[in-house]
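Structures follow.
Shared between the two complexes below is chain A, which pairs with chain B and chain C, respectively.
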Partner chain A sequence: MANKRSAEIPSTSSIHWLMVTLTIIAIPHFFYQPLWVAAIFLLMMGWRLMNSWHGWPLPADKRLLKVLHSIGAILTIVLVFYSYGITIGRDAGVALLTTMAAFKMVEVKNLRDVYLSCFMGFFLIITHFFFNQSIPIVILMLVNVILLTSCLITANESDSSIKHRLQQSTVMVLQAMPLMLLLFVLFPRISGPIWGLPNDAMDIPDSLPDSMTLGEVPPQNSAVTGMADNITIGNISQLIQSDAIAFRVKFDNNQFPERQDLYWRGPVLWHTDGKRWLPLSDNQKRYENGSKIHVAGDAFSYSMTLEPHDRRWLFALDFPTAYPQTMQTRLSADGELNSSDPIKQRTQYQLSSHTEYLFNPQNDPYLQYGLNLPEDRHPRSQQLARSLLEKTPTDQAYIEAVLNYFRQQDFSYSLTPPALRGDTIDQFLFESRQGFCEHYAASFTVLMRAAGIPARIVTGYQGGEVNPVDQVLTVRQRDAHAWTEVWLPQQGWIRIDPTAAVSSERVDFGIRDLLPAERRSPAAIANNDRLVELWQSAKNNWDALNSAWEMWVVSYGPDRQMQLLEKLGMHQPDWEKMIRWLIIGIALIFGWIAWTTLRLKTIPQDRVQRFYQKFCLKLARYGVVRQPHEGPEDFSRRAQLALPQYQQQIAMISYCYMHLRYRGEALEDDFIESVKNFRPHR
Partner chain B sequence: MLRQYWQRWRQQQRYRVFILPSRYGLSYSILIVVMLLGAINYNNSLGHLLCFLLVGVGHVAMHHSYRNVRQLDYQLGHAEPVFCQQPVLLPLNLTNQSPRPIRQLDIAYLPSTSRSGWWPLKQFSRYIPLYKAPQLAAEQTSLHLIPIPTNKRGWQDLGRLRLSSVYPIGLLLSWFFIDIQQRVLIYPRPMGSKPLPPPSAIEDAGSLQHQQGLDDFAGFHRYRVGDARQHIAWKALARDGILRTKQFSSPSGQKMLFNWDDVADLPDTEAKLSQLCQWILTADTAGMQYGLILPKQTITIDSGDQHRHFCLQSLALYGQ
Partner chain C sequence: MTQGSTERILHAINSVILGKQHPVKLALACLLARGHLLIEDLPGVGKTTLAHTLATTLGLRFQRVQFTSDMLPADILGVSIYDPDKHQFSFHRGPIFTQLLLADEINRASPRTQSALLEAMEEQQVTVEGETLPLEDPFFVIATQNPAHQIGTFPLPESQLDRFLMRIQIGYPDKQAERALLTGEDRRQMLKQLQAEITPAKLIQLQQAASKISLSDALIDYVQALLAYTRNSGQFYNGLSPRAGLGLIQAARAWAMINGRDFVIPEDVQAVFPSIVQHRLQAREHLQSADWAAEILKQVALP
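This part shows the complex of A and B:
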């Protein structure tokens, strides 16, 4: 329909505006992408700028340039394949889109090209969300959409001022928001993926390792969140570097367990070669009827929002007694709660746990694994175990003796222990004596097994921070912890945290207090208590906002939608009901926008004018419409002829009006009164 | 009650506004669908948010586009006769009734002859874009001369105007039609290189006693309809408000009589008419008196605007 317009040449100012917009949209990508993406982008923008400032030729002007431009584009595609491999994943796709938008910018020559560039801009905006889903990036999205809309306005109306185009597009985007929110809440969500996802579809932050290797000293400046390859072999101290969130917990009725009971159970490690600790292999693992739990006290119900970690395990407050209904899970015989699929997106589940329990008090299928120690390792530790065992009559007494050994010798808790060489357990127990949970848990387990007490290492998280604003407990990667469980007849598996023997603060107050002060608050204000407090409360509020944001916006999916709609009073929401309400909502919004845009009457400031218009309107209802060319006198004459029974009133009102208008005499109240009393009937 | 309001509203609407997505609007909706599929596939909630925002922007654009042409009022003026292949300048008064300016108004024209066919959209390609209105200020009326092309002499039925706008972001086209319902006379195209024929020898003394002419000033008489405009005594009008026409005497008494036979050597009728038209205009500008002899019609010698129009009309309607 508009084909004649497509050939129009866009004005230079509209092209500049488009370039500015695309650059603003592309900038966030430069941080994730290799440098050459930014370089090519800016090079192309520079070319176009030089064309409009200094008249440099564009590809369309010279054949040679056209060839060069095409070769450049092809080389860029090759470069993308070279850097990212042959499959187009998330990063490669974004790199391709960014550079192609820049290449297109140089050849924009008509309206069609401008639209194409704008549409590529919209695509670039959506790709931001693959990398970041925070509140600021959504604000940036709004700004970007406003800018792109203003580009479309300018494309059609090249002489529009910057103020007008921004004002117009801002108004449009603001008016678009009710529909956006309505669709966001009510549009029936489908759980993806519809087709396959590329491997790099999401960032996986650090997570608990599935094994533990003692003695590795982590690099000090490792990235806080990295890609998947560093999670296969990691260790807990590396996680302590990371403030990334592992999961959030909301306790029903805000009933929190005691701080020292906040052990979030994760993978259980059994096998060791003296250095490395591994979980049970898949064929050793049993699920059905493996465990008998006897509980006491009240259950704690809570909902967990777990960040994706690409593993199957779920975390639960030690010890889970009711399992999630919303997903397929199973509890292994050694107390690992596992999902049937890897957790690839933020997942929410409802659990309840008892903190007082007996776990397999009669018998346990894995007792023999809990006694295995590699032969000919840890000679000094074995020696120590034997000497302590001689002095103690019972298992309990032995355990107490080992803990006392940790307490009384010069063991200390350190996040930066020295590197261990040779027999790591012996070296730790008798030489370095500095370490964190991993070291204590591993050496304690060795000492237990040496004395014939079945023992295993449980990894997971300990503690967490309760945000006073929304009462959500946030557990971060730095809360990662390892402890031990020993099995005693009639008592089952008992949790013993040897780290607590050395550093009770770790358990009582959480890891936060053990971190250096500059990790807790910015160094600049660390010396001022009031500022620290203020900063902390601002941080709490921001965290609460973010937590609500991530729960209700970022992870708003099919489940959340059902949950929200039920909360809003929809009984058993299904897509038919959603569509019905959606249609009602759309109709209301349609009406509202129609009303705001079409409100045609301007209300004059001047009272006399306003009432004269009222008078005209009253006459118009009886078919006497004032024509644009008619003055009040002519109109009055015609109206008097048309409605002779009101001749006098019409004449009076018109006379007053003309008097007021042209002589300014004070008849105003009389005039208004007579208009009010003027009620013509046929 | 509601019905009454509806009817009143219908009466106030002088025209019906149509709205359809342009091809950019169609691409825009495809873009949204593709993006939404991507967002679903990646379970990306904020991707959904962006798609819905774009849906909202499209929806708002529809209202703005509609509003932009809805609050327009128009009055058509009367089209004056023109020479063939000159555009008819149709006066169109556009009133912006809204408190906001009306932007990007395009006016296109559909000749009455091509208004056929059962599929209404097919006509769209036949519309000829004529005029881009400048921004219409809020609550103002402005006069626009719409240049309607002509290509045939005689009466021309003016077809239909389409007032359309892709405001604000070009995704939707809103338009309404104005049926002009006027016919305008198209004079033949003045053309031809033949010199004026020699002055007429015919002395029709009866009607032209006083030898009215153009060369020497001979006094005033009161204006009569049809007097040449350039002979009006404007200065005298400013003095006492009476419209007078200057009279000239023409001692030479140049009177022209253009005869169909004078142009007999020209190849076709249109060329003949064009040549006659050219002569009439030349004679008229020179202030001569002239007459016209066509095969079935004779116009006696006279001068003035009305006479000129009469002669040209005879040429325009020759053979019709």
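This part shows the complex of A and C:
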């Protein structure tokens, strides 16, 4: 019976509908794939169309075409291998699936082939997840699933209208939602990246190369960048161009530090050759906890959600005093928080920090590194240091004098400073005098070291934006910052941000206000406060939604699952309990489906009847309940008495219904329209 | 056109029979559906007056037969009498050769006489001494009977009750109507002054119009559900016959026409249902007949 049915010839309209759907599904892939994938796909679709429009033969009709078709398919496989060097893996696999779905389309001749094509379509839909897991893509995929389900419906009843089949498939997909949610929540999660995904499936944002030297133009295509582990002047200005999120912070109990304390500590840079700044090398770096830290005030606890950046360091609010032991997190002696492995996927961790602290006030293992300067470099800077040193009695006074130098001379903060050649520090200090944090941090450090004060550069982020909707602080790449720490006896390492001396707004208000207007928001160009406000609130809501989506859907891993299930009341969840609840849940869902299907039998299939029932339901909400045996005229009379203000509408609907149901004529659409528009309220 | 006629007829009848709109309307519907009518009630509530008024307003020739226990079939059908002048038998037509026959107190007659009348009703012809004579068209019988518990009655057998499309009750008039009746004109006098509203030919037209009233599948579903309920619910000794179903549909059509509609709605069926089923069904439990007919309607949901 089933075999006989699957051998039936599908209608032309159902094949066309399937082709439209497959094309809609495949289109987003064309942007990721080489051009020939789209070309082959559209060629095959065109062939099939020509067959139904002009009767062109299909492979099944002529032996020669069949051979050509097979050769084409084999050549495509070769082409995939040639393009990707492999036929498996994300990109190659998707290219193969896309083209083969198109090849199958010209072969379709019976219902079985239609089903096969539909299932290939479902696979093709899921591959979108390999490239993007954002909300818009999920919505697109949902639409695709509805379209493809309607193809299955059309294959079996081709005479239904497009509207009807879409309605039906939407209902079916919505009915599947509870099961989907149940499986999503309860199916035991396995730790690690999405299982079984090929290596090329994760997009790691590019980082700046390690060996970049001054004068070299950073790659323009690295739109999404992370903090580099060395700085060359100009690197951070690249980062500032990026709106990409670096990490999100959720403070426990929404206890936020002061804005000027929001320094997110990253790599610490010591060594310099005059152009580049580098962190301690691996054998210099020490982790054994000899550091002394004295804290004051309350600790801030918070959870960080770090975007992947393919480096090992983790960011923390200056200064981290408690950190998780689970991820093999270590705090180095110079205050860098490191993970044992590069961060290749979105990572969450819980930290505590103190913003008031003394770090190694007695001694520090690296003090001599903090004094190193390349010989014979920055002569003018050295000279400036000496002249300032003569006028100042103490280290503190010297620091103050340098900061005053920055303030009093015509230094300015600029995101587009002139390019520097030669001795960058000297050139900046005495000629261009335009720059941003890294210029100031680097030249300040040089001036400190020249005066015999141990100094180092700390890179990281400063500030961030609090979303008023969910109170999550979002730090973006554009918040990248560099500042200086100097070591003074009895005080330890003190953070000094020379950029603040020049541009206190950078620290007080964040980078956003310094960016040109058109970078801030499109609405700002219109110079309309109301629009700016609207734009901002829309953006906040969207960010909050995305952040919740990332947190609860995309990074819903074993930890989150445990957390959620415990919140839902499951005591010590483990996979056995999850499976048990999963089975119970599935049984409940299917029981419910069975029950409603049985009940559905009493729900009229007739459209007029359905809408009349809707009408009765609307009246029932206001206490006018139609008895099962009550005729439409009697009911109408009774309803009119009960709701005199709707007398006309009730009379009109009942009149139409009686004519439709018992006379077999009248305007059905008018009737349905008036039922839809009937909204009684007392 | 049709509605105007039926309205005029009803108005005329209601001016004589006070406060009885529903039974009057049912009686008219019965005649428009080409059915015979049985009126069961106590003496003196206006059975005869109703029959008389109907005959007059519909412009029908009218005969009245008072049934008694010693009555013979010939007293209704007619008798052949030897004419000595012509040396042959000549047939003297009985009162049945009329357009509307009022058979008063039909349950006083013997079963033999009763069945002679009922056969004539069904066949619309009589056979006397081997000769078949057609009855007039239109031909109606309005029979009245006293409630069965009265002395000296021969209750009609079920098979014969089935020949009557409807059985209606008139009942006592309400207070206001009775007062008008007591203080008003003499009814017999009024009957004499009553005019015919239509001709018999027009009545046939109306009957034909009624039989053409449209009937939707949904409504037939409903009628079938009602029939099935009487057969399957176990509350009755026998369910309704297909003839009863046909009658129900015909009566509902006539009712729809009287209400000025050219299609039948469930309310039409519900309105005529009790008068059609009450004399056909025998309830197992001793239910009040008026109640159980309404009960069936409540039990059967509209499809």
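Descriptive notes on the structure:
The criterion applied here is as follows: the second predicted complex is superposed on the first by the 520 of 682 C-alpha atoms of A that agree within 3 Å, B and C clash if a C-alpha of one lies under 4 Å from a C-alpha of the other, contacts with A are read in each partner's own complex, and residues count from 1 in each chain.
In this section, contacts are C-beta pairs under 8 Å (C-beta built on N, C-alpha and C of every residue); 3 or more make two chains touch, one makes a residue touch a chain.
No experiment lies behind these values; they were computed from the predicted model shown.
Looking at the shared chain after the overlay, A:V173 reaches chain B, while chain C stays out of its contact range.
Of the two partner chains, chain B is the only one touched by A:L598; chain C is not. Contact with chain C, but none with chain B, is seen for A:R661 once the two complexes are overlaid on the shared chain. By the touch criterion stated above, A:P628 is placed in contact with chain B and with chain C alike. Contact with chain B, but none with chain C, is seen for A:Y556 once the two complexes are overlaid on the shared chain.
Counting the residues of chain A that each partner touches, chain B and chain C differ, and the larger count belongs to B. Once the two complexes are laid over each other on the shared chain, residue contacts for A:L358 go to neither chain B nor chain C.
Overlap of the chain B and chain C interfaces on chain A comprises residues 628. Residue ranges on chain C touching chain A, taken from their complex, read 214, 216, 218-219, 262-267, 270, 297-302.
For chain A in complex with chain C, the touching residues are 627-634, 658-659, 661-664.
On the side of chain B, the complex with chain A involves touching residues 20, 22-24, 27-28, 31, 35, 37-57, 59-61, 63-64, 66-67, 70-71, 95, 97-99, 103-104, 124, 129, 139, 141, 166-171, 173. Residues of chain A touching chain B in their complex: 1-5, 111, 115, 119, 122-123, 125-126, 129-130, 133, 137-138, 141-142, 145, 149, 152-153, 155-157, 160, 168, 172-173, 175-181, 183-184, 187, 189-195, 197, 201, 345, 553-557, 589-590, 593-594, 597-598, 600, 602, 628.
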